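Each in structure tokens, the structures are laid out below.
Paired with subunit B in one complex and with subunit C in the other, subunit A is shared by the two complexes that follow.
Let's turn to the complex of A and B:
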């Protein structure tokens, strides 16, 4: 085997091994988990999946909540970031640099440190326990990355294109609709998928803003299963929840790996 | 024209600037369950407590240890993987997706997964150790081991991601540089040191900065995987600030911790930035020679 091949195999085992273990756990009966080498009447079971899917609220509810918050945040982020990115690409070099540095600074900031003030804002404006309201901080936290990615896409377009359209008498909205947006659609796709992933996975804000058990997002619901005790985590149902919770994301990554990678790497190159 | 930037900037200010100002203000007030959650000025008492709070300084050291060890491992491993994968490969899409999956999954999802994998005595790691050494490892119960498991979980999640970024950097290096070096009789080691690393420095620097800043704010992973334990040995500063606000309901002190951590992080990043740009200048100089 070539060294490249071996590394790929190691990489695959490294990345997917722990997930495979969760998959295995999710189908094992409790006895089989405790004593894997003894012989059992019943080694495999679907009971964990049953308990996860029939609990109140059922686990699919959290998937739906995360999907809802994710889609909404993505739309809001794009609505804010597309005009901002366009504007940033048209600014003079100096002021664009200042704003870019500011954005990179914000992107570097570990936002978990903001949770307390955001919680106060949520209380003050009565935004707690609302999946719709969750889109506001998510869109705001996504701005640095989204604006930087979109601005770099806008500035890669030849300026003659827009000038010609302007000469033809197209208004700015028409130029956006018919020329600019179609041309930067790959960057929009990358941005959208990265923002969606961020919102889907976000934990500290969702944890502090939402307490109703049927409004929890997936990461918070997962953490709640753990409860407060370290010793009595129901690992079987939990593994089943991991598997169900991972499937949509794994599909998403497989389908959209190209825009994800291009978004991440443009982020790195232009940053 | 500038109008287009304003909504986005307003959101940014509301989420980044306002909280920091609020923390600065709160840090000079008592605002806890004792005061009925009303802010009362307390003449810097929070800061005095903060300076003598050995638990915070312990947590800061632990957070820095976590950040430095995991990021170093991620960058070295990521670079090695990127170098090997920087060859024409079939099944590139499969490799990409499988390395993106750990990064894309919610941290909390696998944090509990790790708890099961490192579980004593039923997890696979402990079983292996038991059959090898004959005694249990107790990875999550032992303060000297628990932090290593959190580092492992973080490295698992992020190394493939760092590798992808570095791979993108490697692909920007023109291959004729290597051919020219080969003609001059340079071996692979010299090529790595004189061509690859200097030209990759911007990417390495970026990956380092981002990962260090993120690791400094580690929260999800330790909150779910270890709860900061055993004996606070994996507690991070973000988690300590979280306990202060949500468990002890002491908002004033929690705000003090967060604004102080923000200042500490900013100065660390400034230092890191300075060191990286010096290294870049030196390597550019060496390249010119």
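Let's turn to the complex of A and C:
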């Protein structure tokens, strides 16, 4: 085996090992988990999944909540970031640089510091306990990065494509529909995944803005499972919850993998 | 039908990219815009197409002032250097897009596209994507798109500079035929003077954003109005010699011949051009380029001469033509 491959195998074990362990834990009975080398009547079980899925409210409820907040914040982000990115790519060099620096500053700002101010705004607007209220700050916090990513995608397009379309008589909306959006779709897909991931994983805002147990998002719900008993840590149900929680993400990447990869390979316009 | 530019100028951050451009291009006329890179050729084309707003002056198409109109309303057909075909659409879809947004009914669209594709001989590639086409084919698709527009003016921005030399020569007659058949004013931007002479009835030489001279290829070559034009037009380059008055005397390489008396010289090097040879000769007045027939024997003690009719004089300071 070549040394490069050995490194890859080590890296894979390093990154996938914990996931495998989590998967193993979720299917293991509590006794087998505590004493892995003893012999047990029953080593494997689906009980953890059963308990997670039949709790009140069932775990699928949180899954749906997170999906709802994630999809909504992704759509909101893209609706604003696509036109913003387009304009940024059309600006003069100097003003574009100033705006990009500001955006990078925003993207790097630790959002937890904004948290109390956001909370006050949410209270003022009476947006507590609503998933829509979560999607709005998520979209806002993802905005700088999304605009930067999309602006660079727009400025990578040859400007003659749009010039030709203008001569042909396409309006700005028609140019978006027929030229710009299809050509930057790989960038849109990867931006969407990033935004979705952020809102899927976000914890502090979700923790404080939502108290209604019907409207919790996944990270908060999982934390509740982990802290549900003061006598023991429910490793099994917690592992089952994380496994269920990662399935949508795996599906998402699998679906979007094709446009992302094809976007990388067929960028040739001139040839 | 005509295209008319009156005192057109374009300024970007206090610098004039082009200035005082005035020209009239008649129907059925192809005007070539030539000049070194950065002289404002492409800018001029973009101003006429309406892609960039002018800073001064007016543009008229068929006596209609289009200076303030959007590109869509000017009815120009443009071919871009990079062809600007959409990579995700097939040839037919590329061509159909413009017709669709201009409101041509679906049934008519296909007929028109087939007709134009026949004209550029690409009917068999209608369902290919641009990436599957050769450079020459892409160029013809771009041309077909401009033809479909049925414009009042054709603008071609270095349409052949991405093709290799052989293909360029092959396509030239075809392009000329297609453009002339339309009998519309055409502006052809190129940095290749041979291409300009082959394609156009008149050539405008641009230099630092101004028109240096606008004339027929014959007059540009034989009667340049400035040293810049004399040097720019004609390959091998014209010989520029200092004369006694401190002005510049220019003589074309083919006007020079060997004789018994005249300027003494020694051969420095020579280039074979097939049907002729180009000699580089050291003389007391500097290096002289001379075109000679391929079987020209170089005399032992060679001397150079030329007819005074072939001399052109230019001011050393301004580069302007002096009448002598």
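In the analysis below, the second predicted complex is superposed on the first by the 247 of 271 C-alpha atoms of A that agree within 3 Å, B and C clash if a C-alpha of one lies under 4 Å from a C-alpha of the other, contacts with A are read in each partner's own complex, and residues count from 1 in each chain.
The working rule: contacts are C-beta pairs under 8 Å (C-beta built on N, C-alpha and C of every residue); 3 or more make two chains touch, one makes a residue touch a chain.
Small disclaimer: the values here were computed from a predicted structure and weren't measured.
By the document's definition of touching, of the two partners only subunit C reaches A:178; subunit B does not. Taking subunit B and subunit C in turn and counting the residues of subunit A each one touches, the greater count comes from B. In the superposition on chain A, A:108 makes contact with subunit B only, not with subunit C. Touch criterion met: A:161 reaches subunit C, while subunit B stays clear of it.
Applying the stated contact rule after C-alpha superposition, one finds that A:169 touches subunit C and leaves subunit B untouched.
Within the superposed three-chain model, A:204 lies in touch with subunit B and out of touch with subunit C [touch as defined at top].
Judged by the touch definition given at the top, the superposed model places A:44 against neither subunit B nor subunit C.
Once the two complexes are overlaid on chain A, the subunit A residues touched by subunit B in the first and by subunit C in the second are 268-269, 271. On subunit A, the positions that touch subunit B within their shared complex are 3-4, 7-8, 11-12, 14-16, 18-19, 21-22, 25, 33-34, 36, 80-81, 83-84, 86-88, 90, 99, 103, 106-121, 136-137, 139-141, 143-144, 147, 197, 200-201, 203-204, 208, 218-220, 222-223, 225-226, 230, 233, 235, 238-239, 242, 245-246, 249-250, 252-254, 257-258, 260-261, 264-265, 268-269, 271.
Against subunit A, the residues of subunit C that register as touching in their complex are 46, 49-51, 70-73, 76-78, 80-88, 97-98, 101-102, 130-131, 138, 145, 149, 162. Within the complex, the subunit B residues that touch subunit A are 1-5, 7-9, 11-12, 14-16, 18-20, 22-23, 81, 84-85, 87, 89, 91, 93, 95-102, 104-117, 119, 122, 124, 127, 140, 156, 159-161, 164-165, 168-169, 172, 203, 206-207, 209-210, 213-214, 216-217, 219-220, 223-224, 227, 229, 238, 241-242, 245-246, 251, 254-255, 258, 261-262, 265, 269.
Contact residues on subunit A toward subunit C in their complex (touch as defined above): 158, 160-161, 163-171, 174, 178-179, 182-183, 266, 268-271.
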